[in-house]
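Can you read through this structure? Questions will come right after.
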Amino acid sequence: MSAVVVQTIERTDLNHVDALGKFGVATVHEAQGRKGLLASFMRPIYSGAQIAGNAVTVSLAPADNWMIHVAVEQCREGDLLVVAPTSPSDAGYFGELLATSLASRGVRGLVIAAGCRDVGPLTEMGFPVWSKAISAQGTVKETLGSVNVPVVCAGELVNPGDVIVADDDGVVVVRRDEAADVVGKSQAREDKEAQVRKRLQAGELGLDIYGMREKLADKGLKYV
Amino acid sequence: MSAVVVQTIERTDLNHVDALGKFGVATVHEAQGRKGLLASFMRPIYSGAQIAGNAVTVSLAPADNWMIHVAVEQCREGDLLVVAPTSPSDAGYFGELLATSLASRGVRGLVIAAGCRDVGPLTEMGFPVWSKAISAQGTVKETLGSVNVPVVCAGELVNPGDVIVADDDGVVVVRRDEAADVVGKSQAREDKEAQVRKRLQAGELGLDIYGMREKLADKGLKYV
Amino acid sequence: MSAVVVQTIERTDLNHVDALGKFGVATVHEAQGRKGLLASFMRPIYSGAQIAGNAVTVSLAPADNWMIHVAVEQCREGDLLVVAPTSPSDAGYFGELLATSLASRGVRGLVIAAGCRDVGPLTEMGFPVWSKAISAQGTVKETLGSVNVPVVCAGELVNPGDVIVADDDGVVVVRRDEAADVVGKSQAREDKEAQVRKRLQAGELGLDIYGMREKLADKGLKYV
Amino acid sequence: MSAVVVQTIERTDLNHVDALGKFGVATVHEAQGRKGLLASFMRPIYSGAQIAGNAVTVSLAPADNWMIHVAVEQCREGDLLVVAPTSPSDAGYFGELLATSLASRGVRGLVIAAGCRDVGPLTEMGFPVWSKAISAQGTVKETLGSVNVPVVCAGELVNPGDVIVADDDGVVVVRRDEAADVVGKSQAREDKEAQVRKRLQAGELGLDIYGMREKLADKGLKYV
Amino acid sequence: MSAVVVQTIERTDLNHVDALGKFGVATVHEAQGRKGLLASFMRPIYSGAQIAGNAVTVSLAPADNWMIHVAVEQCREGDLLVVAPTSPSDAGYFGELLATSLASRGVRGLVIAAGCRDVGPLTEMGFPVWSKAISAQGTVKETLGSVNVPVVCAGELVNPGDVIVADDDGVVVVRRDEAADVVGKSQAREDKEAQVRKRLQAGELGLDIYGMREKLADKGLKYV
Amino acid sequence: MSAVVVQTIERTDLNHVDALGKFGVATVHEAQGRKGLLASFMRPIYSGAQIAGNAVTVSLAPADNWMIHVAVEQCREGDLLVVAPTSPSDAGYFGELLATSLASRGVRGLVIAAGCRDVGPLTEMGFPVWSKAISAQGTVKETLGSVNVPVVCAGELVNPGDVIVADDDGVVVVRRDEAADVVGKSQAREDKEAQVRKRLQAGELGLDIYGMREKLADKGLKYV
């Protein structure tokens, strides 16, 4: 695989990014038609973080974190690093020093389909990470990879400049050219859910609010 | 599989349910003879919750949460929803709106051998869930299932009206007709443990308290 | 397998143990040449604990915790129990009563390549455990095993008297005769990282601090 | 858990058992309404076997195969042993000697939600086993369990005298009182499939044979 | 997600496809720069098959095989079906009837990141399948998906008309526009390996053939 | 970790090695007291092989097979290569060329706690491999490791010159200084089993042969 660093990428408007971040993963995932969700093994290293950022992507060799060092330079305010090894490995590619470097450039977090370490210090400094594993296992710096090429991360294609939204529910990717549209659809969904929530709190049933009874009967559901 | 909703089930006396909830999973599991424990992949979405409730059971198709909507209507104060898909799927069948609806009816929590989403909002509203996965993946409403039939959930048979006890250690089921007996045995176990705890705190050894030394010697244990 | 309890073991100087505990897992693992890390499935039952202790080792039969009771007597101030079943089992070998007994002898924690229960009470009493699973499943007391023999725990060889360091990143073992040396190397690493951290916070790049640019170019990395 | 051996069970008529065995797992599973399938981790130790038998069930302690020895005596011609440990364990509970004993009584095979060993000899003697793991790990004979009580095996409830059908696709259970009915439905399904097969071989499309085009269009499928 | 069937795709020249099929997965994967390999959980349902084909892709809902029926019509001689559910599920989406239909159109095999059933009949008819699981679990026909859109299958992006090569080692994808080039590189690799093989058979060491000794010494390898 | 190649190791007498190979894994494992078994995820790449050899051990970096090339030179007639990465990785470290080289030196097989490729060619040439995964994923040659140092492979400690026995049941290690003793105990076990087998074939029950009835009754087993 040729090893390249793409230095110029088109990013998503940060207004859209920030709006998506406020909606959170479940709403955005539903609003864009139930697509884009990364595998459920991607878990936050601490709970409570909810962020969105422009994807700067890294494709690297298993157990080799060299290209993360290369990627730092390509990051700017509002970015979020997305790292995928070319072969599965749970080693600890990322820790507090790299986070310090990224944070100094305004990077909002990391999504890595591999391992992360320094969980304690990362929690203290408030640098959120979604990873497949937590492991202190050190990595080498021997093999090249690429920065800002399309990668498959935890089962989903991520292009540089796509929006990544991450919270306690996991991680979802929104295509750059669909971001504005998904903001609108997410807002519509949130508005609708607010109304439903009130009715449910008042004791109304989803069966009635969503008008499900007839379809259930048509399909043959029997009450005994 | 025929799709039925059983509307009338016999529940366990809430006094017994509440007593079992106070003992917690480990004590109840031991007191009833080390049976009834669900698989250890069933984990709470947030730590610290300890509850018990009458099981309202749901058998549903993979990646299809329609029958949870149906089940809500069958729930009442003191119940706990138990959901098992007929084929493995980690999709997110359950979120904050369904929890709102259940909470308005006095349901105490959810045990689901599949995925859950809206972990943040559920934590905030204090609706406890024990699940196999956390995933925002949306589900459909196309295939019928059943409510209040016996289900196998995470490796254990659960009948409607059985007691479910859940805490940070996992989930255990107590048969309805054994609940009163298990309350008594759990209390006896707790009383006995309180005495042992004091002696252990004082530095006595379990080897002596439990009288193990002779049996160990008989089996051939050698001290070198 | 013969069943023995080795009563006299050589422990590591507690000054070294305590020093290693302060450095934490990632630093110690790197300082000793990236070796000794237990498998990443070993996770703390609650976050925030960071400890080190002298290993008292237990080899026991699957789903049988008898030898943990035997091991308690062999423990003293500054020890840490390391438990490995001879065949995989996620049952709950350990709970609050055993922890009470260990704590009364000054034992600092438990590392078990199997299951643990009473997570709530253990968290309250502040007795840290790193385990492969959380499960209330009870165990029996039927089969002998050994105490203070070398064991393979979660993929690493642990000898009695080796140092175990554990924190949110996982668990690492340091050989007794290398402990003093690893303390020195860990301190050197921490000092060096402190300097790098300042430069990274100031916006310098790792690419420059570590002088990576030339090697990257030599290997053929292309910027486009 | 009380330890009992139920000596008298009602078995399914062997004519029905044998008929179900000929249809195989996929047909039977579909014919009875897509229920009864054991988890897909249950795999044959060698390929090509296709059997059915009356379930003799064994509930036993993890890593303890004592109750299999007890169960042999309860078996007769046309039976099939179903073994489920009360807590997960992949140890090798079963090997060639037990198979020899079972075979001498006309038992047709074993389904075990745990480990099996002596795979080579079992293949040579043609005694089929469906297991969760292959492992030579020895087990003990210390703890009682039960024979011919209902068990949950690989996620499905199995009652003594239910029919077990197993082939390269896995394992399915048929309730004793439904067996005759499922034989009829399986035959009907097989007949129908034979007709469809011919038309498919002739190049007709399932889209047309099953009349799917209209429903697809109604749902909104677009051809571009 | 919009549901579309793309009826016209550009396929790779069958001469290139067939050439790649003869080289096999390991050679092709190395020749194209160690990229394109699907996850190692993709295993053949029987051993010995080695094929290549033009990808016809299917994106479908979990536990719903409706779109496979739709895809059959889009297939022609030399194609290979690639199926990826939008959410993980091990149900049995594919069996002998669908294989019969595909075989009648000259389709060479199936790659499915989910479950397959009818393993016995598929083996007999010689229709090779690489799947994530073997399961008889039936699926529904309720939810639309898409045919001939780019999909991520077992961690790799597959475009319609890309070449899929599959054998006992697993599955690799070759981009359509790189196929001719990879044929050449694969041939070169095979030629080179033939020469090395002869020297190795004659007892020469790879250390000498590949000239590794100096680099090993430079890195500091010590012989003791 | 210092990188060393130990050139002189003490091997086990090939007479003992060959004798152990004939007994197979299950017998040897039991005869030596149920110890030494590698994890059950170690599976043969083809069935039917049963071998034993002197362990030549390799500790290497994840996804880096350089040290296997180094190890070849250290092998001789009757050896068996044991490979363990320092961090988990399922890449394909080993294929047909390395097997050709090993076979030319009389090496009997490979045990690798990682991935293997060229399964087809290896099967054809009859070079048996027990591995954790099958994967064509290429590896690099960048990082040093060690040859003939003690390694933990799939959960068991293996010293250079220990005996490895492997068959369809898995892999077991026998300490060099215990090999002669284990040969005797294995023979005794096999003789005893031959007698039991005859009685079982004749319809006698294990319950009677092993005299289990009294102990079962003492423990409280009830026949109903």
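Which chain is which? They are A, B, C, D, E and F, in the order written, and residues in each are numbered from 1.
Rule of thumb we're sticking to: contacts are C-beta pairs under 8 Å (C-beta built on N, C-alpha and C of every residue); 3 or more make two chains touch, one makes a residue touch a chain.
Just so it is clear, the model here is predicted, and its values are computed rather than measured.
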item	value
Chains in simultaneous contact with subunit C and subunit F	A, D
Topological distance between subunit C and subunit E, in contact steps	2
Co-neighbours of subunit C and subunit B - touch as defined	A, D
Self-contact between copies subunit A and subunit E, residue sets same or different by half	same
Cα-centroid distance, subunit B relative to subunit D, in whole angstrom	28
Subunit A and subunit C, separation of their C-alpha mean positions in angstrom	31
Junction residues of subunit E - those touching two or more other chains	2, 34, 37, 40, 86-88, 90, 135, 137
Interchain pairs in contact, sorted by label	A-B, A-C, A-E, A-F, B-C, B-D, B-E, C-D, C-F, D-E, D-F, E-F
Touching residues (chain side subunit F, partner subunit C) in the complex	1-2, 33-35, 37, 39-40, 86-88, 150, 152, 155-157
Sites on subunit A touched by subunit F in the complex	61-64, 86-91, 135, 137, 140, 142-143
Subunit B-facing residues of subunit A, complex	24-26, 29-30, 34, 37, 40, 43, 47-48, 50, 167-170, 172, 193, 196-197, 200-203, 205-207, 210, 212, 216, 219-224
Subunit E to subunit D touching residues, read off their complex	2-7, 46, 66, 69-70, 72-73, 90, 92, 95-98, 100-101, 104-105, 115, 117-120, 123, 133-138, 141, 144
